[in-house]
Every structure is written in C-alpha cells, then in structure tokens.
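You will see two complexes here that share chain A, one where it goes with chain B and one where it goes with chain C.
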Partner chain A sequence: MSLLLDVADLSVSFRSGRGRVPALRGVSLSVKKGQTLGVVGESGCGKSLTALAVMGLLPVPDSGIDGGSIMLRTGGSESDLTKTNSARRHRGKDMAMIFQEPMTALNPSFTIGEQIGEVLRRHEHLGRQAAQERSIDLLRSVGIPAPESRIKLYPHELSGGMRQRAMIAIAIACAPALLIADEPTTALDVTIQAQVLDLLRSLQSQLGTGILFITHDMGVIAEMADEVAVMYLGTVVEKGPTASILERPAHPYTQGLIRSVPTIEMSRELRLTPIAGSVPSLSRAPSGCRFNTRCPHAFEKCREQEPPMHVLDGSQQAACWLAGEL
Partner chain B sequence: MTVARTPLLSVKDLTKHFGGKHSLLGKPRPIIPAVDAFSLDIHAGETVGLVGESGCGKTTAGRTILRLLEPTSGSVHFRSRTYAEARGPERADVVAADSNELRLLRRDMQIIFQDPYSALNPRLTLASNVGEPLRANKMGNRGERRERVAELLERVGLAPEMMDRYPHEFSGGQRQRAVIARALTLDPSFVVADEAVSALDVSIQAQVLNILLDLQASRNLAFLFIAHDLAVVKYVSHRVAVMYLGRVVELSPTDELFADPRHPYTEALMSAVPPPHRRKRPPRITLAGDVPNPAAPPSGCHFRTRCRYAKDRCVSESPALREIRPGHLAACHYAEKLTLRPASVR
Partner chain C sequence: MAAFLARRLLQLAVVIIGVLTIVFVMQRLSGDPTDLLLPIDADETVRENLRRRLGLDQPIIVQYLRFIGDVATGDLGSSYRFRQPALELVLSRFPATLLLAGTSLLLSIVLAIPLGVLAAVYRNSWIDTVATGVGLIGQATPVYWLGLLGILLFSVQLGLLPSMGGGSWRALILPATTLAVYSMARIMRLTRSAMLDVLHQDYVRMARAKGLPEPVVLFKHALRNAAVPIVTIVGLQFGALLGGAVITETVFAWPGVGRLAVNAVHQRDFPVVQAVVVVIALAFSLINLAVDILYAVLNPRIRLQ
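So, the complex of A and B:
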C-alpha cells in the first residue's frame, strides 16, 4: 500500500523564557492511502502538535520545525510540507483537519452554509449559487437532516453532534486525500460518538481518504485504526498494526496505558494498575529513555542512553531496551 | 451491604425545574424539567453510579440533593452524625433545613467538582484551599488545621511539603487530588463525585479511582458517582442509575445492569462504548438523532423518539419506574418482554 503521508524524524521546539524547549523529538510515522493511523498518548505527548506541524499550523513565531521532513504524496506528485508555504497550498484541498471542540473551531459569526461555501469557493472556484448547492449535498452526506434550512443556521444553533458533523462537512468539502482528526469525538456523548465514528468510516470507504486519528481512548483506537503510534513526551515509543499493539504491547508505557483503563468486561474486584507518577514537563524531560522515571522496568542503561526503535516480529516497533523481553 | 438498614440518604420524588416566569423583556421563558421525580436511597459505604448523556440532569440531580440548587419539590432525608450531635434527631430533612442546619449537614455531605482548574481558588495556597472547610466551620487553630491538611494530602497521595504552593504549580491530576482532599476535610459520610475523574489522563485517572476506592473501604464513605464513562462507573459502583431527559429510566445492581439491561436506552448506551480490544462483537446499536429538547420532551415515554422498540402505547402513556426483579427497576412498558443485549459478551 502506498504511503500518503510520511513524517520522518520530525523535530519541533518552542521558544520559552529559558531558551528553546524541544516538544517533538525525531517523530516518524506514516499514513497509508485509504487507511487510518491512530495516534495515542496523554496530554502533552505531542500528538496534537504533530498534527499542527503537518497542517502547517504551528503557532508562529513561538515554535518552529528544527529538522525532519513531512512528505505528502497526492496526485502523482510529492511535496515536503516543512517548506515555507507548502502546507498552505494543500490545506483545505488535499488535506483537512477536524478539531476536538467544534464550538471554538467554527466561526460563530458566519452561518454553517457560508463556512462550507468558503472552502468550495476558494479551492474549487465555485460561484455562490453552486457553492450553496454543494454545501447542502455535503450536509446531507454527513447525516444532517433538512440541510436546506440548516445551512442558514449559526454554530450556536446546532447541537454538539450536529456541529461536529458540520465541521466534518467542511473538512471533506474538497474530498481531501488526508484527513486529520484531532480527538473528534472527545467532547461528544458516547451515543453521538458512535454516530460520528460510523460516519467517518463510511466517508473513508467512499472517498478513499487516509486518516490520521488522534485520540486518548483505546476503545476508539481499537475500532478505527489500522495502525497505531503511541507517543510519550514528544517521541513515538511504539508503533505497528492495531491488533498486535493492543494484544501484545511491547513498550512498558503502552502496557501501562492499556492496564490503566477500566473496561466494561472487567470485574470490580480487579484493581487497576496505574502508571506511577505523572508526566514530567517538557523542559524537565529526563535523559536517556524519556519514560524511565515512571517505568517499572527501568535500569541503568535506560537513564543514560535513549533507546532506538527496535523492530519486533511483523511490523511492530518499540523504542525500549527491553523490547520483546517484557 | 445489607438492604434492611435505614439508608444513609433517602431521596424521594426530587424535582428541579429551571426557567419559567418571564425574561427581562417580558417574554415567557419555557419551564425546563431538568430533574423529574428522582428517587434514590443510598446506604453507608455504598457507591451508586449515575450515568446518562449530557443534559440528562445528572449534575443537577447531584447538586439538588446537596441543596446547592433549591429543589422545586420532593424530599431529601439524610442521616447525619454532626446534625444529630447538635440537634438531637439523626435523620435530617435537607430540603427543610435552615441555613444553620445546612451548615451542619454540609460537614457530612460534600461534593467533588469536575474541573480541577476552576474548583480551587488560584489565590490561596493548597493548605488554605484544602483547610478552608475547617476555617469556615471555625474548627481548630492554624497549627491544627495545617496538621489536618498534611494528613489529608498524604491520604490522596500528595506530599505534605507541597501545601504552601499555589494551584497553578500543580498538574491537573494533582489538583484533582487536592479537590478530593478538600471534600474529605470534614470527614463526610456522603460525597457527590461529579465527573471526578473525567478531566484526567488515563494513567492519572486510574490512580485517583484507586484512591477513591481505598477511602471508601477505610472510611465507609458513600458516593453518588456521576460520570458519562460507563466503564469507569461499572468499575466503582455497587448500583447504577441511568438517566434520560431528567428521569431515571433504570436502576439496578451494577453487574445485573450490564449483564441484563431492562431498558432499551441502557442497551443502546452500553452498545455505543467501543471496547479497547479487537475481539468480535455484535454490530452496534446506533441511536438516531439527538436528545430531544428538554423544554418540550416527547409525550409518553421520553425515549420513544429514539427507541427501536417503540409502540403506540409509548406515545400515549408514560411508563412508571417499577421493580422488575428485586432491586432492579426499569421505566419501560415492555421491560419484561424485550430481549435486550448485555454489555459484556462473555
């Protein structure tokens, strides 16, 4: 399967009062055409930052790309999105993003119809009338009932689930090859989450879209992702096919994440085994393996040397000195 | 848990309406029945989970029980040690209590708020935040209060040396533990935990859940555990109440609810949760549409507009919450007849 998005050795840092703080260090991950890569990790692990870097939406001038490449392959051509203005040419057309909180991502002072129409007029050069007709079609395709009247509504007049659908309609307006979904269902109730996940899956099979799906919910990962990348403190610690990562996690952090989550099938007598401590701040990231301060298996080498990606059987990889032995 | 004892907390037909009257410009405002005839008994040392989608009234129910919101009607009775010491009778009428009595009662009934960022006063140190309930009740001198705060911080897994720092110096998980410590300052017997772990990362969430379970075991605390995460609720609760549009639609011992739900809404809610593994499971029941407008709920059964089993009777007649089996209540005309899918397949 051909690679749609190939992020290689990406490093991003932030400017702070005490110099530059590295926020992403050597992140490598890829999305295949028509498939879903799930990115999991806790707050501050850099999953959203990776998405923003791909979209060319890193906050300037406070942050910058220090190295690495982000290759997007669409329509037979290849471009490096880290180059100036490169991401802007593709944004909205070849790649689009769905944000976590639709209430803040949508513009409150324009109607839903105007916001979808804007994308179509800019990238597809449609006229006002044609853009409106396409907007109605798009709203219908994301399951919004009575779209003819809904396009005249403002974001605050829609429910949370409807707003998220409207944002998905904007994102798929130009049938992008790559869709980045940053916690698209976190703010939604489970019943509405189920509707939105169903919708994303059916759109993916219709349009052949590759999806970079960011979430902290292992259940959503199990349901949506073909492959998974697990991030911790700005690095990818484990990646591979979803089934093998969920059933045979090789990195102690992935193992800890999975054991921390109660499941419906779990009995009340079983005790959760949380990961000890909390995530250190980026500016105080430990040397060696970044997880060593919370890892139950850490030994001397972990505190001194950063472990490289270790390839296990199949295509599963883990950045741990003990990968394959735990 | 013995059912024969008198319950610690007894809520009967509690109702809370918002709105009504007229707006500033004289337009009539609709009455929103946020909580409609909510009845629930909670025993000492018991955790009752309260689940439902946003807007179903679960937070309002929790706050009205504590009288942080004034109930429109209904009663709340609470067995309180502090109240008994001061006033004699052990069973207090929370709804009828005057402000002095409420102050006594609140020593024994507390709340853990959802958002640890807004629940702590940013201008007070951790010691002042956690010790505030003692100060407000004029208990102990400064030294004694600090001692108590140190003990509480230790119990929730925070180093007592941190007590002179300010909230902004702590992570979300640490702050939430401070909020829990504050709720425990006066050694209550009943705590409303309103989405107490929802804002936390999973590794921290597991730590806090374990702390809550340990506290319950050592202090015989009772919890009303309000959450939208069904797996978390199942993990901590002895019984679970499911709410939809202001009404309790099902109430059952936890394992029985998940193994044999008797309300179609419970079935759909459980089916919507994606399990964190890839084993085979039956196709999901997707509920169509959104929760209806609470100001104009559907006639008859509130859930009928999204229910796949709805019949004519559901339109005309509102189903009462009734006992299907001992301790298992459901508000559905067809609760005994429907074949509903359990949450766990094994």
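So, the complex of A and C:
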C-alpha cells in the first residue's frame, strides 16, 4: 500500500521571548492511501500540533518547525509541506481538515452554502450557480436532509450534529486525498458521534481518502483506525496496526491508556486503572524516556537514556527499553 | 422589522423633542436678539415692536409650545437676519457639509481599515508601532491647529492648495484631510483591536485550512466578524463629522452648515441655530438607525426587535 503522507523526524517548538520549548520531538508517522491512521494521546501530547504542522497552520510567530520532513504524495507528485508556502498550495484541495468544535470553526457570518461554495469556486473554479448545486449535493452526501433550504442557513441555525456534517461537507468538497480529523466527535452527543463516524467511514470508502484521525478516545480508535500512533509529551511512543496494538500493547503508556477504558464485557467488580500522576509540562519534560515519571516499570536506564523505537513482530514498534518483555 | 422601525422612529421623535427643548432653553439664556438686530441707540418702542413681531413678548411656555408646534409642521421660523425660512437656509448649506463630512469619512475609512487590519495581523511589528503611533497622534492633535498648520504649509508656503472657500475639489482637499485625521485614528485603533479579537478564532484557521488566499481570510472571514464595532464607530464618526465640522468649516471658510451655525450663534439668530441643530440631530439619529439595521445585515445572529 503506497504512502500518502509521510511525516519523518518532525520537530516543532513553541517560541517566546524566553527561548524555545520543544513541543514535538522527532515525530514519525505515516498515512496510507485510503486508510486511517489514528493518533491517540492525552491533551498536550502534540497530536493536534502534528495535524496543524501538516496543514501548515502552526501559529506564527509563536511556533515553528525545527526539523524533519512532511511528504505529501498526490497525483504522482511529491512535496515537502515543511517548505514555505508548500502546504498552502495543497490546503482545501489535496488535504482538508475537520475541526473539533464546529460551532466555532464555521464562520458565524456566512451561510453554510457560502462556506462550502467558496471552496469549490476557489479550487474547482466553479461559477456561483454550479458551486451552489454542488454544495447541495455535498450536503446531501453527508446526510443533511432538505439541503436545498439548508444552504441558506447560518451555522447557529443548525444543530451540533448538522454543523459537524456541514464541516465535513466543506472538507470533502474537493475530494481531498488526505483528510485530517481533529477530535471530530468530541463535541457531539454519543448517538451523533456514532453517526458521524459512520459517515466518515462511508465517505472514505467512496472517495478513497486517507484519514489522519486524532482522538483521545481508545474506543473511537478501535472503531475507526487501520493503524495507530500513540503520542506522549511530543513523541510517538508506539505505533502499528490497530488490532495488534489493542491486543498486545507493548509500551507501558499504551497499556495504561487501554486499561483506563471501560469495556462492556468488563465484570462489575473490576476497577479501571488510571495512569498514575499527570503529564509534566513541556518545559520540564524529564530526561531519558519521557514517560519515566509515570511508568510503573521505570528503572535506572529509563531515566538516563531515551529509548529508540524497537520493532516488534509484524509492523508494531514501541519506544521502550522493555518492549516485548512487558 | 416593521415594528422595529416604528419603535425606532418613535424614539427618534423623542430625541428630537429633547434636542429642541435643550436648544430652546439655552438660547433663551443667551440674551436678547434685539440687541444685535437693532442699532445700539434704537428706541425702546422700536425694540418692543420687534420683540412683538418675533413673538418674544409672550410667556416663555407659550413661546416653547408655539415653537414645538411650528417645528412639527415643518416650520422652523425665519432667519432674523436673512429674512428667509431657516430650514431652507440650512438645507441649502447642507450639501456642502455633507460633501466635506462624506469625503473625510471615506478618506478615513479607506486608510483606517487596511492599516488597522495590518497592525493587528503584524502585531508588535514595526507596522503596528507606526500605526498605533499615528493613531495616538491623530487622536491627540486639535483639529483647528492641524488646519492652520495645513494652511500655513500647503497654501502659504507652498501655494499648492487654496486656503478657503468651496466649489472646487482642490478647495476640498485641505479641510477634508484635516477633518479625516481624527476619525481615521479612531477607526484605525478600533479596527486593530476588533481584529485582534477575531484573528485567533477557529473560523479564521478554518478559512486558511480551506486554502483561501490570505487577503480573503483577513478581509472576508475575519473582518466581517470584526465589523460590528467598526460600523458603530464609523456611524458615530459620521455624525460627529457632520456636527463637528463647525471648527474646520470656520478655519477653512467652508460654506457649510457649521459656519452658518457659528455665525447664527454670534448673531443670536435663534431660528437658524434651531434649524441647524434639528437637521444635525435628525441626521445623527438616522445614521444611528442605519447602523442598527446594518448590525443585523452583518451579523445574522442579531435579530431586530
């Protein structure tokens, strides 16, 4: 399966008057054509920052890319999105993003029709009339009933689920090869969540879109992702096929994440085990393995040396000195 | 919408009556117009006759009620001095003032909005420093001083522009620019702060994620959401320019309502002063009404009720 997006050794830092705070350190992950990579981790692990770096939307001048490459392969050509203005040429057309909070991501001052239509007019060079017709088709394809009248509505006149569908319609307007979904269901009710996930899956199979799916929810990962990358404090600690990572997590952090999720089969007496402690701040990240302050298995070496990625059986990899032994 | 308009027009009437009352009271406090209309050695019986003819011999409350009644029928009295209807006099001068205020406002908007947007986008850069500096100086500079300085430089020293009068676009340049400085500074500073509020919003990032060019992101997606406070200040400034052109019109001898008002005050020409105030107050109220309607156009979440 060919790679659509290949992020290699990406480093990003926050910049202030007092210097640089590394926020992403050597992040490597890839999305295959037509498949879904789930990126999972706690708040502040750098998963959204990775997405913004890919889109070329890192806040300037407060942050910037220090090194690494982000290769996007579309239509037989390849470009490095870390280069100046490179991401801008692909945004909206070859890659699109669904944001977490549709209420704030949709512009309150324009109708839904205008917000979809402007993407089509810009990238597909459609006229006003044609763009409107396509917008209606797109709204229908994301499951919005009566799209002919809905295009005239403003975001605040739609329900939360409808807003998220409208945002998805904007994202898929130009049938992008890569779709980045940053916690697209976090702000939604559980029933709507399931509908939106179903929608994303069916759009993926129709359009052959590769999805970078960001979430903190292991349950959503199990449902959506072909492959998983687990992030902790700006690094990827484990990655591989979803099935093998959920069955045999090799990194203590991944194990902790999975153990903290309740399952329907779980017996009532079994208690959920939270991960001890809390995420240290980026500016005071521990030396050695970044998880060592919270890891139940940490020993001397973990505090001194940062573990490299160990390749386990299949394509599963984990950055842990004890990978394969736990 | 109809109910909204009806209520606003009622409010407008209340405002106008309030304005009329204040004008009426203040004018009656300012002295006797017959002192100015008649020679200093005029006979007391001549004085009495004139007072009677002008209705000034009546009790104050009668004068007031008659005045309100006349205004309601569109009669703002005749100028004591020019012997023609005061309203007609004011309206004949109004286009000149409208031209001056309109040009100034246009000039300030054209400069202030791009500069304010740029200052917000490049916050803390040299553009921002220059813009906020210009804004501060522009708001702090007295307009008469700036006007005289402009006349000294461009009319007296360089001889490029006429220092006074109306009727040509060249005569418009100096007064319009002078008058524009303050409103430019105000609108610019407000645009900057309103843009700073919206620039970090999700929908601005979303607009970029859609691959829209930066000018579209800034001037369509961001500015539209920053527009409500900007429209408010533009409306207020337009009213202030119409009413506040007095000084500029005097400095540049611009044949507008402002100069008419100043002269009328000096001559205690009550009906003219009243007509000026009524016209300006009406214009001010109508501008505010237009601004309120614009709110609903700009921000679909605002419903007029």
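Criterion: the second predicted complex is superposed on the first by the 323 of 326 C-alpha atoms of A that agree within 3 Å, B and C clash if a C-alpha of one lies under 4 Å from a C-alpha of the other, contacts with A are read in each partner's own complex, and residues count from 1 in each chain.
Quick note on the criterion: contacts are C-beta pairs under 8 Å (C-beta built on N, C-alpha and C of every residue); 3 or more make two chains touch, one makes a residue touch a chain.
Just so you know, these numbers come straight off a predicted model, no measurement behind them.
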Looking at the superposed three-chain arrangement on chain A, would you call chain B and chain C a clash or a fit? fit
Taking CA centres after the superposition, what's the angle at chain A between the directions to chain B and chain C, given in steps of 10 degrees? 80
Dominant contact partner of chain A by residue count, chain C or chain B: B
Quick one: classify A:Pro184 as touching chain B (first), chain C (second), both or neither. neither
Per the contact definition in the header, classify A:Gly38: touching chain B only (first), chain C only (second), both, or neither. neither
Applying the touch criterion given at the start, work out whether A:Ile170 contacts chain B, chain C, both or neither, answering first, second, both or neither. second
What is the contact status of A:Met218 with respect to chain B (first) and chain C (second): first, second, both, or neither? first
Can A:Met55 be said to touch chain B (first), chain C (second), both, or neither? second
Thinking of the overlay built on chain A, is A:Thr104 touched by chain B (first), by chain C (second), by both, or by neither? second
What is the minimum C-alpha distance, in Å, between chain B and chain C after the two complexes are superposed on chain A? 6
Residues of chain A that sit at the chain B interface in one complex and at the chain C interface in the other, please. none
Can you list the residues on chain A that touch chain C in the complex? 55, 57, 88-93, 96-97, 99, 101, 104-110, 118-119, 122-123, 154, 156, 167, 170
In the complex, chain C touches chain A at residues 201-203, 205-212, 216, 221, 224-225, 298-301
Note which residues of chain A are touching chain B in the complex, please. 42-43, 145, 159-162, 189-195, 197-198, 216-223, 242-243, 246-247, 256-266, 268, 271-275, 278-279
Help me check something: in the complex, which residues belonging to chain B touch chain A? 53-54, 171-174, 201-207, 209-210, 213, 228, 230-232, 234-236, 254-255, 258, 268-278, 284, 286-287, 289-290, 343-346
